[in-house]
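The following pair of complexes shares a single chain, chain A, combined with chain B in the former and chain C in the latter.
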Partner chain A sequence: MTEITFPAGAANQAEADRGPLSARIAALPRVDRRLLLGFVCVSLLALVLGLGFGLTTALARGGMIALDADSAYRVLTLHGTSAFFWWLYLAQVALMIGLAAGESTEGLKARPLIIAGVVVLVSGLVLSEGTALLRTPLLYDANPDLGREDPRAVAGMAGGHLLLALGLVLTSLAAIVTVLRARDRVTGAMTAMGFGVLAWAGFLIVSAIAAVNAFLPNLLWAFGRGAFPADAATEWHILFHNLHYLPLMATVLTWYALTQETTGTTSAFGSGFSKVVFSSYLVFVPPTSLYHMFLEPNLAESVRVTGSLLSLFVSVPTLTAFLVIVSSLELATRAKGTPAGLFGWIGRLPWGNPAFSAMGVAIVSTLLGLVFAFVLIQEKFAPLISDTLFVPGYFHFFAVGAVTETFLAGFLVIIPALTGRAVWQPRLMAAMPWLVLVGLVIFGACGMLAGLQGVPRRTFDIAYDGAAPAGWHALMVGFAVGAMVFASGLAIELFGVLRMLVGGKRGVPMAAMAPRPAGVPGGAAWTGPIAVVLLVALMTGATIGTFEVMRSLPIVVVGGHAGH
Partner chain B sequence: MRSIPLEAGLVLGVALVWAVLAAVYRFSPALGMPGYVRVWGAGAVMFLALAMPLLRWR
Partner chain C sequence: MSQERHFTTRRGFVAAMGFGGLGLYVTWAAYGASPLPFFSTHASDDADAHGGHMMRMAEDTDHADPSMSGMHEGGPLSPVEFTRRHAEFLTRFQEADGSVRPVAVPAAPVHEPDSAMAGHDQAAIKHGISTAEPIEVYFLAGRFSFEPDRLKLRVGQPYRFQMMASDVAHGASIAFGQASRIVRLRPDMVTTLDLTFLQAGTHLVYCTVYCGPGHDGMRGLITVV
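Right after this comes the complex of A and B.
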């Protein structure tokens, strides 16, 4: 008989006792700090590109600048490629390597793999951006159908994505070796973060395999070595499903690290339960993938029903992690005094800390995104709204508000530890995430409402010779204004992050500012469960509201087919 | 009675789920998506391999 052993409470204490992450990163060998800085800088370059092209896209959609059809598609391709692929994955590599290095007192292991990873990833970034800039724009999914007459464009985009996959494998292997060698020398136990990095790196490797499955046939066809990839859309959806989960898993792991770093709070549920939550991402990935196929016309009805039921589980890991973090924070904060009322403890959190502020906005944004994600993935809605502006309207709550704000929060901890420079204008930097959230709410509300009224997702000229509904114009202007607001907030945050890299003043190391890690006492914490109940109520309300808006339309909307 | 570390148990559980899903996609004619078999199957093998060093400690 075999039993699984859960680590005792001592494991939690050991995690609390080893000091702040920023101090551990500051103590890394020089070569590791330089490698880490390299990944941070390259990922920020991708963010600058993604932000610039994204703002251009939104302004064009709002009619504030004019782009011809070819340029519009090119800018959209550059935005998606820079932001969705390169920013989100280069930043993940930087954070994964940073968190892995923080587990080991001797720094990173398997450095040659990491150095090779830098070379491969930078090459891939250059190839992707160059192809999107100079050849036929294929959109970020490198759709080979759009490149039938320009195989070099297909080769360049597929090649860029395959180099990204190779770079992810190399760096993930190094992270795995690092956290495995950092295990307790006596018991072999891992910290919750060490195990989280292991699971995350494993998931990145599997996603790289999915990328090879999706893009290698495109590359072979472009070189005349294979048949045209007729199943490209289906293979893309497999990868795309992983690409939904990976940034969210990275986000939750970063929240876990940031909570400890900025408040000194460890999980009230113990390190063993945190490991269960982290691994639950991997458990829920394959079964929930079917909803991406709802737009396939030949999908059997039984599969549609099964996919609908399984899609209900898609947010279980993220909501569980949310409950763990919020409840742990509530218990730890209440233990320091008696805050007034049910939610008074929230005001005592360190909102003046830019990293914590960005994390707080990320959590709110995640919940908002979940409300509307559940509208989109319902089998009856998916064919109607998947090719409309509803999609960018809702997913920027995840891509910008949740994931980008979290990754920048992680950088706000890591970069000062690497450079010794103080956080630039901490009060301003703590306020900017809220400006981003305001912009996202405007952008999301206008985009989703426009989508429900039939505004297409990737067609820039929506005048339809004057036949378009009059209300569309105002919504598109609101969409662009929202984008300008959140892009302004993000641009200021980016400037602040760059000032910590170059030219910023030397300051108090973050390690000295970080509170001493402490355990969490027992007690009752109701905010997390109340938030989840509210979330379910909002999801129900959003579904009813969507039905009502669509029933009130003067025309019947026929769904698209191109997938999301 | 023999005990296995929590970390190894969790990763083995993940490998099992991915293997079962790969098998479902392989043997269910209604699905007909070989790419899923390849990706989930490769994932199952990868997580199984990842569990090995976690098991070998004891």
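Right after this comes the complex of A and C.
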């Protein structure tokens, strides 16, 4: 085989010359390190709440604990609000600010915006959690229909979400200012990560505007200053799509940073290509939102067709980023003289590093999630699986396995740099993401099978006085067991992360690899493409299986139209 | 040293592989469920009269025969008209035990198939489905019950379900054991669905959209004989 090297781009070289992210974070001014720690701590509080309420929800659904209806839906509201809104977005702010600060040798710019952001976000978190705890449970989408008799609940939930949106705008603006000022003073060039932070912050601001569009009418109605928000469901759907792809974009950007930090590998495809991939989220994600509305009775046929077609494109940015990272890793690792064979190089990756281990699990979990996400985007399946347990069954592969594991991996790099404390029990911390994955597989398999059989997504008592199909209960027990397993792994990871904040041993961070100078040795990189082919095969199998389940129904159905 | 990249590490190859998810279109097309006509299979006269067949019927009938499209002549029902007909439906068909058994009144006219529907009719006859006009069923979802909550229907008889939520959004899912069939219902919006049950049995109907503290108890039964 011919040894091949790629020419080093100037931007790639610049990235390689800056040194590890952890070293750059450790060198930040004290005030910036404190601000970053503040965001990390508040986001971890939201994760603790989200995890606790989530486990309670799963146990109640599995029949392992008994909750009355009001408590059950309150716990579900608290779980969704804490985990989906506050953990995923506060953690994004912490990482975005951290990565932006890492771009600059002078630390964060526009600090007043960040300080205002902290105040606004903490106020929003308190308002959201307090409302969910004390008022009528409206679930995390703050459905105003459910709060017609309790406008204060609508006001509190909408107010919390709007404060989150405002906090995101403030902190995103600060991140934008920071990375723009960090550009090369002579050429104006920006690193791929700097560009990624710019795109990320921009997407956060756009989503914040969508949140205002969705929740401001609710707030005005609750204060008696506007008509009842009859279009709340539609506005929520538009916002929701961005809301769950933003964490995925953040995940990919964090993988990019972690790959450099834990292996020293920069992209073999150049900084410019990475920028194209990052910006492709802005191109591919917003137009693909229609598939969330397939079950809406008044959806026009043209929208249904367009939505179904566009939904096929939703994975383009994530799959491309996956290929860039995996192929770059393969090329760089093979260059060190790893064993022959297609996959031998994988064993040489730094699996003992908890951050890398969590990232590896996140990548596997993303691929598993994609297999089943592509079942859900087929509009003909909407009457079969939308509003069923299939949905939480698959999306926890993303929310927990992909996004949460990645964000925790990011924290495992950032926190030691901020506190000077070593990672707690590195071997245990490297093993826990795999336990989480095992739990997710049990949880996901049982949840999706239950969903295929029709178990509703948001119903606690599914016995229906003995009228429910016989197999439902056993699947719900499996669902709860899976939740217990992944929650246990996640709780230990959380404890480890908290030990780096409080009471942990002083010590050096996990060895960060100096970024490898550009000019990655070449050769073939088959693992990524093979994984994509396997992924498409699995998607196809899952889709065929679902078509066959649908065909087995002893019923002929025509229509589903609506008027008025 | 060569500057030439292996094709697996070319940007164009990686970008193209990023579109790998589009490969699923072929499977969709094979099941007649692709959003565009490219490569899509068409409903054959011998197609299964099951859930899979429903899609082709829906696609064809939307254009071929308004009487089978689920839409009324002159447009969909208004909520007011729905409410009136729903009350009349319950009065007319409610039995002593509280269940509702809708029947055709008057006798359904003989359906003369046009050429576009001939294939479907043959398939329907093969599967024991009546080709008579569907019997109207008016189904109301409100906090926290369905009305009627017990329906008695006949195997092979087409029923036209006119459904509406009266207060907040609800769902109505019919459980078949191995899978369910779900409809989402919005307040003051009449949704029409033509259903033909192919086997006898008792099926749970339950709400799939959280609608308040009584949501878990919102259920009904459809008995097919």
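Heads up, the rule we're going with is that the second predicted complex is superposed on the first by the 528 of 564 C-alpha atoms of A that agree within 3 Å, B and C clash if a C-alpha of one lies under 4 Å from a C-alpha of the other, contacts with A are read in each partner's own complex, and residues count from 1 in each chain.
By definition in this document, contacts are C-beta pairs under 8 Å (C-beta built on N, C-alpha and C of every residue); 3 or more make two chains touch, one makes a residue touch a chain.
This is a predicted model, so every value here is computed, not measured.
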Partner chain(s) touched by A:Ala268 [first = chain B, second = chain C, both, neither]: second
Touched partner set for A:Arg348, first chain B, second chain C, both or neither: neither
Contacts of A:Ala69 with chain B and chain C, given as first, second, both or neither: second
First (chain B), second (chain C), both or neither touched by A:Gly454: second
Chain B versus chain C as contact partner of A:Ile238, first or second or both or neither: first
Chain B versus chain C as contact partner of A:Leu384, first or second or both or neither: second
Footprint overlap on chain A, where chain B in one structure and chain C in the other make contact: 2-7
Chain A - residues contacting chain C, complex: 2-7, 69-70, 73, 139, 145-146, 148, 233, 268-270, 273, 295-298, 301, 304-306, 308-309, 312-317, 319-320, 323-324, 327, 331, 370, 374, 378-380, 382-384, 386-388, 452-454, 456-462, 464, 467-471, 522-526, 528-529, 532-533, 535-536, 539-540, 543-544, 547, 549-564
Chain B to chain A touching residues, read off their complex: 1-7, 9-11, 13-14, 17-18, 21-22, 30-31, 33, 35-36, 38-40, 42-43, 46-47, 50, 53-54, 57-58
Chain B-facing residues of chain A, complex: 1-7, 176, 180, 183, 187-190, 195, 198-199, 202, 205-206, 209-210, 213-214, 231, 234-235, 238-239, 272, 275-276, 279, 282-283, 286-287, 289, 293, 300, 302-303
In the complex with chain A, residue positions of chain C that touch it: 1-6, 8-9, 11, 13-15, 17-25, 27-28, 31, 33, 35-36, 48-55, 57-58, 61-62, 68-71, 75-79, 124, 127, 129, 158, 168-169, 171, 173-199, 201, 204, 206-217, 219, 221
